[in-house]
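The structure under discussion appears below in the form of structure tokens.
Think of it as A, B, C and D in the order they're written, each chain with its own count starting at 1.
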Amino acid sequence: MTAATQATTSTAAAAPPAVTIRDLTIVYRTPAGELPAVSGVDLDLPPGTITGLVGESGSGKSTLALSLLGAVQRPGRIAAGSIHVDGLGNLVELSAKSLQEARGGEIGYVFQAAQNSLNPLKTVGKQLLDLGRSHGVRDRTALVRSAKELLAGMGLDAARVLDSYQHELSGGMRQRVGIMFALVLNAHVLVLDEPTTALDMISQANVLKIVRAVHTERGLTTLLVTHDIGVVAEVAERIAVMYGGVVVEQGETADVLRAPKHPYARALINAIPRVSGDLSAARPLPGRPPTLGTIPTRGCVFRERCAVYAERQLPACVAEQPPLAPVADGSGRLVACHAVAVEDQQATGETA
Amino acid sequence: MRRTAVAATALALCATLAATSCSSSSSSSKGGGTFTAILTQIDSKAPINPYNQSTNSFRGYNAMMLGWSKNTATDPNKFYPAIAKSWELSPDGTKLTVHIQPNAKWSDGKPVTGDDLKLSAAVAYAEGGSAFAAIPGTAGGTVDVKVIDDKTVEFDQNATKPLNTWFANVMTMYVLPAHVWSAQVPSDIWDTIHTALTGSAADAKTAQDTITALGKKLIGWGPDKDVSAGPFTLTRVTTSEALLTKNKNFYDADKIAPSQVVIKNYQDNSTIVNLLLKGEIDGSVYVAVSQSQLDKILAVKGNQVVSGASPVQASLVFNESKKPFDNVHVRRGLAYLIDRAQVTKVGESSSGKASPYPAGLTAAQIQGWGVSTSGLNAYSVDTAKAATEFQQAGLKQAGGKWTLPDGKPFTVPIQTTSDFNDWTSGASNVAAQLQAAGVDAKVTASSDYATYLADLAAGKFTVSWWLTALGPSAYNIYQRLYGAANGWTLGTGGGVAHSAAGQSGNWMGEAESADVSGLGTVNPGELTNQLSQVPPDQQKQIVAKLAAFTNDQVPAIAMWDYVNQNFVNTNRFTGFPPNDADVLRQPQGVWMQLGYIKAKAK
Amino acid sequence: MVTAVEIPTGNTPALTPARRGFWRNLWRVLRRKPTRVAGAVIVALFVVMGVVGPFLYPANLPTDPGNAYAGPSGSHLLGTDFQGTDVLALLVTGSRYVLVAAVIAAACTVVVGTGIGLYAGYRRGGPDSVLMRITDFIITIPGLPLLLVLSTLWKYSNPLTMGLVLGVTGWGSVARAVRSQTLSLRERGFIEAARGLGLSTAHVVRKELLPNVAPYVAMNLLISVTVYIYLEVGLFFLGVLPFNENNWGVMISQAVQNGVTQTGQGLAYLLSPLVAILLLTLGIVLLVDAMDEVFNPRLRED
Amino acid sequence: MRNLLVRLAGHLVRALVMIWVVATFTFFLIRLMPGDPVAAQYEKLVQQGMSPDAARNATRLTYGFLPTGSGWDQYVHYLWRLLHFDFGRSTQTLGVNASAEVLTGAKWTIGLVLAGILISFALGTVLGVIAAIRRSSGVGDALTITGSLFHAIPQFVMALVLITVFTVIWPVFPTDGNVDILVDPGFNGPYVASLVSHASLPALAYALSMFGSYLLTMRSSVISVLGDDFVLAAELRGLTRTMRLRYIARNALLPLFTIFALTIGFMFGGAVFIEKAFNYPGMGITLINSIGHRDYSTMNATFLLITAAVIVANIVADLLYTAIDPRVRRGGEAVA
């Protein structure tokens, strides 16, 4: 298993934009008051990289992905923070009109449950034209041509696909159509939400290959949201692990996968049975992932399932959520864990 | 009112369509002479054929008879002239000579002739005119029709079995245009009729079958375009209205004021009442309304009631095959308990009058036949007398409740039908009154009239409503109580035979005869049958006897006499007949022919 | 090669929330809006009226023959009818027939419809197609005209027969809906899974299928009650039903036939049963609204 | 296209079987009815003042139009005639074809029902969309409750209310019938205006009693479509609001076709109430009259026609559904 991560910055296209998320908090209105789904998240998508965002369902990763398009669905709303995209500015402050233009324009989104992302009553071609009309594209022939190029590039019979309805396409084909829709208007930021879920192995591999290819060709900044660490390992240069609405660890994919620091990241990665390894070595994570209502409001969000806490019972874990801080090894990795911070201090203390 | 309503809603459309066409049509209908009437049934699918019960041939308007019956209580043979200007009946009553109106013309300009009458008689044989039965030896049947000249026709009755009703039955024959109908009737029809009446048994049978088949074919037929000898011709008909236009060729056209007549369908009581409340009806047939409706209707400008006696009475009849209702004391006791005035007030307040005596006759008939009321019991409410009667029947009173001799509760189910509101309301009032008097009465209703009649015929009732005193002829009146429904059927020899309760259509189940003090043993069925055969003075005696018998035996408790209540409106027309005029029992088309109804001076 | 690993997800289908704590849920949802509480109270009042009402007037109804078509007054709170009977008394005593017949009809519809739908959907194949053809027949044959004919055949002497006849003609759509729901549960593997575990048919039907169609059935029961009240009263209004006891339909029919709509006299007599029916409907509609939210969280407000 | 034809053929076979079943059922049911058409006619005539003799004569011919022979013979004969579209002769309008009797009424009923459906469909779907989109606001609540209430108000009550308001209190509409007899028939302004003004109230009664169910169905359908992924996908692709609403509306309308067919059946059945209340001479009135007169042929014909209308409505709805939904129209075979 290799992480193919040549971060080749495309020279042909304009420089890929950087995306900077700062202190982002997204809350949902519930009968029990407003509850945070994402709280105080800082995340950088360096230009031209593929960043993998992993976590269990309910970790807030999909909400975070939607916020990149300014499309958090009601009853949720962005309560605080900023999302800065080069060339667009702070998304949180954009007008509805500019947001609508940015979606599908500068920022492409490939949908989670890919199989249902198309209007079942219209052909792909018709929906393409709708897309063009919504974005004020004058030159329809050019639009269709670039769509066909994209589709052909992904190994599809472009003319036939454009004349098809959703139910006539297989899962893998639909996902490629989804990618076409995300990129046909020359988006530079691509958000992929669970792009491979519910696909068979071969389709998964194909889709990932395509993702990597278009990312490179078109010079994109890509965020790949998934619960599947294997997928991240395959395509992403960077990885961010989310739990309970906060990013708990962030860094180079290879580093994190080799030596996860945060107890949750560790548990997550240990839960993967290795192809070559011993099955019994794979240990599932105990307990249930938190939901909106059960995220601890004070202290570390992971505390209740944390093996380290269970062992060491640090008072800080109960008192406050640890900040996402650089670890001492200088790898640029960020981890949000009191225990790690203590170890680091001890380590620096020892070396000092 | 209604015209303005239509115009108001039409306004918006007119503005966009053509203003001229709108105004022209409303002026055409104004004209001054549209008379709006109500008839019981209009059916746009029906043929213009007076013999069909759903017909677009309306008596007195575009359907004419030889004469118009005055429907007098005692003499059914009194007629006003119609197509027949005059007539002579031979002293033995078997030969009738009819003289056609000299000016009578069909609406297409052809004169009405003797041939028209002859063909009309032939159609009557096929379709079932009362005096025209193609069966040999029928009592009161016509045996021949002779055209004496263009305007004179002679009718002959079966001289061996003459009936006093024959004359009236011939006079009520519909007159049809021969030049329209003859294509539908075989040219040898009269040969067939004669064969049917006088031929050998086998030939007669064949001839009768031919005539029956012809009748079946003719009944659904009618000309496409109306040809009428009456004051109006049919212009068009919708499912709820018919439009008739004045026939300029009518022999008395001068008397006819309206230039057109709109006849509304009496489909539904509330619709009619609505129209009356809007003052849109110039002349109605009998309409049943509640007292509050009546008050409202009469408050509308121009609305008036013209009323006369009607030979119809609503009675509660007993199923005497059920115990204890076979006991005359029970029936009398119940009669003493019911306040008929109150029942009438609840059931038929405006167009009913409480019957003064339960005697099978309406108040008007009692008067008309000269029945002495001194001998009649009015059965005024009297709980003491009721108790005496009940006790005589062996009923017992316990805790205010009457029970049967064996101690079981004495229950009186009163059968009614949801179809008739007056009966239903009346029945619930009777039940309430009886309950108050300690008799366990309740109302049960059949879903519709057809079911009701079937329930009655099957004896599935105890006490039920029944129309009695249906005149005008005396035979008809008592035939309702002592006819087939009570077991008396006409035998072959002209006499009657009585069959037991539950057999041969006997659902009232009365005994064949009863002893009545002062009258002796009376067989009411036989007496009734005699009424059709004897001359008027003898009829009077029989009627008196039957009235006394009925009053004593109480096979039915008469609740109310219907009042023939015609609503008229004097805003557009005047000159309506006075109250109690005999013409009230004919449609308004006949009123006009007889010189009533004049356009109001503007 | 990518090794697909599913993080254990707590993704449960939104199918089963009704199974636990239905009453608690209902109460919670009811409390959310005062209108819903009002609905429940209205329905409860009518139930009490139907049960207790007739006992309040054991003997003859108070009647005042000289005072027909009276308006509301101290002595007659809702006025009097065409023969001076107290309308309130008529209304109260007449409630039982209407309510009992409608409830029986609704129960009949729901029981027959659910039974047939479940069985057809569960068994599939031959029994399914036979039952569905019968269902089609029931749905296709025009209900009201059928009732019109039946009304001449039957003696609707008591609410039981009335209810049964109404119910027998109306179960078609419930059966069809329950069947398709059963089929879709099948598709989701519910049944196969349960049978794979060696559970008996009865168990599968009772524990797996029934609870899942229960919400639909329960709401249908309530809605059917209103539908049948109307049908019943409508038949009386048309005047095609024979009647043996006083009920709301007879009141309306008599009021209309006595010309209340034209004269306006005795309006209270006509309006009382109409308003009673509308009020009951409103109550049921509000209650169904609440049940809808309990059963279909998707419709739940944010 | 082939798909469509196969579907149509299947429908037709099933429709024929259903019509046979209903024909058989009604044939025997109707013969179980108590009451004898002649007796009913006779008593009605007598009640109208005809003398018993005349009434007896007048009803004599009716016997000639009553079926004879054993029940089985009658049934076979009846089916044989049905094959030739011969519904027998009416005994109510003696000697006239029952089919003519029924078709005359049907023409008016169909007009009303269509008008009612169009109005209620337009009103119901538009309000349903609003109720769905505003479902968490007072407007949405009010619309939903109104829809449920109107859905629940029976047709005859609606008719009574409309009659009282618009013909008694504020008399702007005619009360009865289908057209003013005094207006010359034909395609001219006054005649059309008269038709419209007569049909307005009954059509409104249909519409008001029907739009509730369209509203409620549309509302839940829209809510369900709003939760569909493609709606969010469309938003995330930056489709304009109008475009998205169009997507939603078209998808949400699909389930309405099913209830559309049911509605038509319901309306034909309910014609009895509305036509009776407005005295509008449609099939409902024909049916009531034929039952009252025990006019077996007409009753049978009416039943069959209503059934056929329901079946045809179902077929049309299904075909429309097929035409609109590509998943049905173009089968499920994938491209590659």
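In this section, contacts are C-beta pairs under 8 Å (C-beta built on N, C-alpha and C of every residue); 3 or more make two chains touch, one makes a residue touch a chain.
All values reported here derive from a predicted model rather than from experimental measurement.
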So which one's got more C-beta contacts, B-D or A-D?
-> B-D
Can you name the chain whose C-alpha mean lies closest to the mean of all the C-alpha atoms?
-> D
Far-end chain from subunit C, centres as C-alpha averages = A
Quick one: subunit A and subunit C, Cα centre-to-centre, how many Å?
-> 50
How many angstrom between the C-alpha centroids of subunit D and subunit B?
-> 38
Whole-Å gap separating subunit A and subunit D, where each centre is the average of the chain's CA atoms | 55
When the C-alpha atoms of subunit B and subunit C are each averaged to a single point, how far apart are the two points in Å?
-> 47
Residues of subunit C touching 2+ other chains?
-> 152, 240, 256, 261-262, 302
Expected list for subunit D, residues touching two or more other chains, is 33-35, 168, 276, 291
Please list all residues of subunit A that touch 2 or more other chains.
-> none
Would you tell me which residues of subunit C are touching subunit B in their complex?
-> 60, 63, 65, 68-69, 82-83, 85, 151-152, 157, 239-244, 253-254, 256-259, 261-263, 265-266
Flag every residue of subunit B that touches subunit C in the complex, lowest number first.
-> 269-270, 273-274, 277, 289-290, 292-293, 295-296, 342, 345-346, 417-419, 421, 424-425, 428-429, 432, 435-436, 442-448, 450-451
What part of subunit D is in contact with subunit B in the complex they form?
-> 33-37, 39-41, 43-49, 51-54, 57-61, 64-65, 89-90, 92-96, 100-101, 104-105, 108, 167-168, 171-185, 188-190, 192-194, 196-197, 200, 276, 279, 281, 285, 291-294
Given the complex, residues on subunit B that touch subunit D span 1-3, 5-6, 8-10, 13-14, 17-18, 21-22, 25-26, 29, 34, 40, 43-47, 51-54, 127-130, 165, 169, 172, 212, 215-216, 219-221, 236-243, 262, 264-265, 267-268, 271, 274-275, 277-278, 286, 310-312, 419, 448-451, 453-455, 457, 467, 470-473, 476, 479-480, 483, 585
Considering the complex alone, what residue numbers of subunit D touch subunit A?
-> 228-230, 232-241, 243, 247, 250-251, 254, 324-327, 330, 332-336
